[in-house]
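Each chain gets a letter, A, B, C and D, in the order it is written, and its residues are counted from 1.
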Amino acid sequence: MNQEFEQLASQLIEAGGNLAAKSMVPATSGNFSGKLANGDMAITVSGADKGYLLPENIMRTNADGESYDRRVPSAETLLHVQIYKQFPHVNAVLHAHSLNATVLSQLAQGHVVLANYELLKAFPGVDTHDTQIEIPVFGNDQNIPRLARQVDKYMQVHSAPVAYLIAGHGFYIWGRSVRETLIYIDAMEFLFSCELMKRRIMQ
Amino acid sequence: MNQEFEQLASQLIEAGGNLAAKSMVPATSGNFSGKLANGDMAITVSGADKGYLLPENIMRTNADGESYDRRVPSAETLLHVQIYKQFPHVNAVLHAHSLNATVLSQLAQGHVVLANYELLKAFPGVDTHDTQIEIPVFGNDQNIPRLARQVDKYMQVHSAPVAYLIAGHGFYIWGRSVRETLIYIDAMEFLFSCELMKRRIMQ
Amino acid sequence: MNQEFEQLASQLIEAGGNLAAKSMVPATSGNFSGKLANGDMAITVSGADKGYLLPENIMRTNADGESYDRRVPSAETLLHVQIYKQFPHVNAVLHAHSLNATVLSQLAQGHVVLANYELLKAFPGVDTHDTQIEIPVFGNDQNIPRLARQVDKYMQVHSAPVAYLIAGHGFYIWGRSVRETLIYIDAMEFLFSCELMKRRIMQ
Amino acid sequence: MNQEFEQLASQLIEAGGNLAAKSMVPATSGNFSGKLANGDMAITVSGADKGYLLPENIMRTNADGESYDRRVPSAETLLHVQIYKQFPHVNAVLHAHSLNATVLSQLAQGHVVLANYELLKAFPGVDTHDTQIEIPVFGNDQNIPRLARQVDKYMQVHSAPVAYLIAGHGFYIWGRSVRETLIYIDAMEFLFSCELMKRRIMQ
């Protein structure tokens, strides 16, 4: 079980280096988690530099995000908990804080529509470019339990999004593994960049 | 003959790392091929991460893109086949999926005109900046045989383009070797960036 | 004491490499300093390439920026002196010269307002995104004592800014350590980029 | 004398790697030279990849750009010759082909004005931001002797520019050493980027 945790932690550390190289976790922003077989989480502690995570920056919590020791998990732990409870097949949740996502989340009204991109096929359940997906944008809120309830409420009435944005605050995205989730981030960031580029030309 | 395949495969693997470093194969997009002396192709399998290709991610097909084993070549294999049949001197075809190409392909009406750039001289048959070339843009289509026929039809009635775009889906480009084709990609991406930059300023 | 100076100097050298990798000290621009326990400064000499600083490019001055030998400290030494005198808890001052800061400083009228960004929480004393901070922009002046007095005058009547811009000339930012100040630069540059991106879309 | 040539050649090779890392010599664009003590030039041959120059890609010519062997120097050798004849103190000439320079050269009318930037002080003879410099833009011409005469004519009647642009074709810049010229490129590219950014916002 310890080995399972350590393997997952090392995947999260590597994901942090990967995202930092793409400028997607500026300052100490971003947070990452993975789910263990028994439902516990491995999650980044608050405040660490996500590009240079150390093993001691990844802690263990139960499925409700409660610490087993005195360390404090990321302030946004409950957002991870909500996703794992909503999507039982999900084993990794990554929160990236890119420039494109931040600006797009501030300009968008309620959601971002992504349409007619071949790269949409990178996401689960999409097998043609000739479609559109909606990425909801939630208002930012320092009250994380309240924000988690807002996300949860959305997911009860809408079809499952592949990611969501928080205004001025980057995006959350998830998958069956850390590796799969990194591929989704790559695709999502590309599509956010395309959308912003088009807004720069057409507005 | 085995050695010929392996050398070509290693050139395609290296090309993938090169293009990934320039963010031109996001998620698992892009596909690459080379032609062997007997007309067979070495081509990337579907779904692999093009920045970290392994030897087993490059497979062999005949000149019609048919697999010799049970592995499935890239979904877009017939687009490669069309190019080799159209241009007998071509030995490499690379499909890159850059941000600039994707956005430009969605904004352009039918084709992109590139004019008055010194870098046009990078392309075969161009010896002055004082000219223009047309890069056709085809509508995206999940029916690849139909898309290949559309490309083929275009090439029967127009003078040979040096590359083509697919809307929302990057570009195809080809040359006498993998190395030469990478130089064409470098020049084409530069020119696409120039065009987008000008549209951002002038529209 | 010599060891204290050398440790601080090596942190400044490392900071220079870090900022050069992000294109924030073009040509030989930028200057960096740290405060020693007795109030003396370790500060970059004039004209060195800030991405490849050598130990001999960091010199020692007293708390008023006066050289102990014949070497000449950065032309802008008095701006560092002003900050250390104004903020006793500050132990590092970094001047970065990014593209975003330079352009934004020329377009802004008197100050830049940063509002509703989660990343505002990276700065001292900010615990919510639901706020705004003002970054003053001072007119550039080759008369550094006069410019330092202008900054000082501003700080006497306004609440303490977390950084300031000089028109066409990048920004000054400070913190309790070189490492902390680098995190502030990372956050500030991200926010400046967001602001410029929004101006490109909305104006 | 051989050693002098080899040292200069290795500086040009290193400059090429530096500029390629900044995407300033796409495809096989760009060309570089240095002046030897007797007035001969070390200059890049035509067509080489400027990011990965080999010693055999640097050849020797006399002060008029005439080859000592059968190798053909860069097509634009006479532009280098013109600069060395015009400015006796110059020992290095670099031609960089950046995206920003290419687009700006196509949008500008006759010249680009750079004003009120602190970084102007990077150039020889400039000691304040409170000034402006003019970078002339020459029309591109495949007839290099004619283009060289056009540049020469300009320099006879205008005060010495620090660099010049060729429309759709990057810029030429020069200095007392390869290192100094690289610093000028760094500053010039930064200022070109600032100008383009402002045009994107204000037009």
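In this section, a residue touches a chain if its C-beta (ideal position, glycine included) is under 8 Å from a C-beta of that chain, and two chains touch if they have at least 3 such contacts.
Here the structure is a predicted model, which means the values were calculated and not measured.
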Task: Other chains in touch with both subunit A and subunit C - done: none
- [ ] Determine how many degrees of rotation, between 0 and 180 and to the nearest 5, align the Cα atoms of subunit C with the equivalent atoms in subunit D.
- [x] 90
- [ ] Sort the other chains by how far their Cα centres are from that of subunit C and give me the top one.
- [x] B
TODO: Give a one-word verdict, same or different, on whether subunit B and subunit D use largely identical residue numbers at their interface, taking over half shared as same.
DONE: different
Task: Distance from the mean Cα position of subunit B to that of subunit A, given in whole angstrom - done: 32
Open item on the list: Report the inter-centroid distance (CA atoms only) between subunit A and subunit D in whole Å.
Closed with: 46
Open item on the list: Can you list every residue of subunit D that touches 2 or more other chains, as numbers and ranges?
Closed with: 200
TODO: Answer with line, ring, star, complete or other to describe the graph linking chains that touch.
DONE: ring
- [ ] Give the pairs of chains that touch; include all such pairs.
- [x] A-B, A-C, B-D, C-D
Open item on the list: Taking the touch rule as given, give the residues of subunit D at its contact with subunit B in the complex, in rising order.
Closed with: 23, 26-29, 49, 97, 99, 102-103, 106-107, 140, 142, 166-170, 196, 199-200, 203
Task: Interface residues, subunit A side, partner subunit B - complex - done: 116-119, 122, 127-130, 183-184, 186-187, 189-190, 193-194, 197-198, 200-202
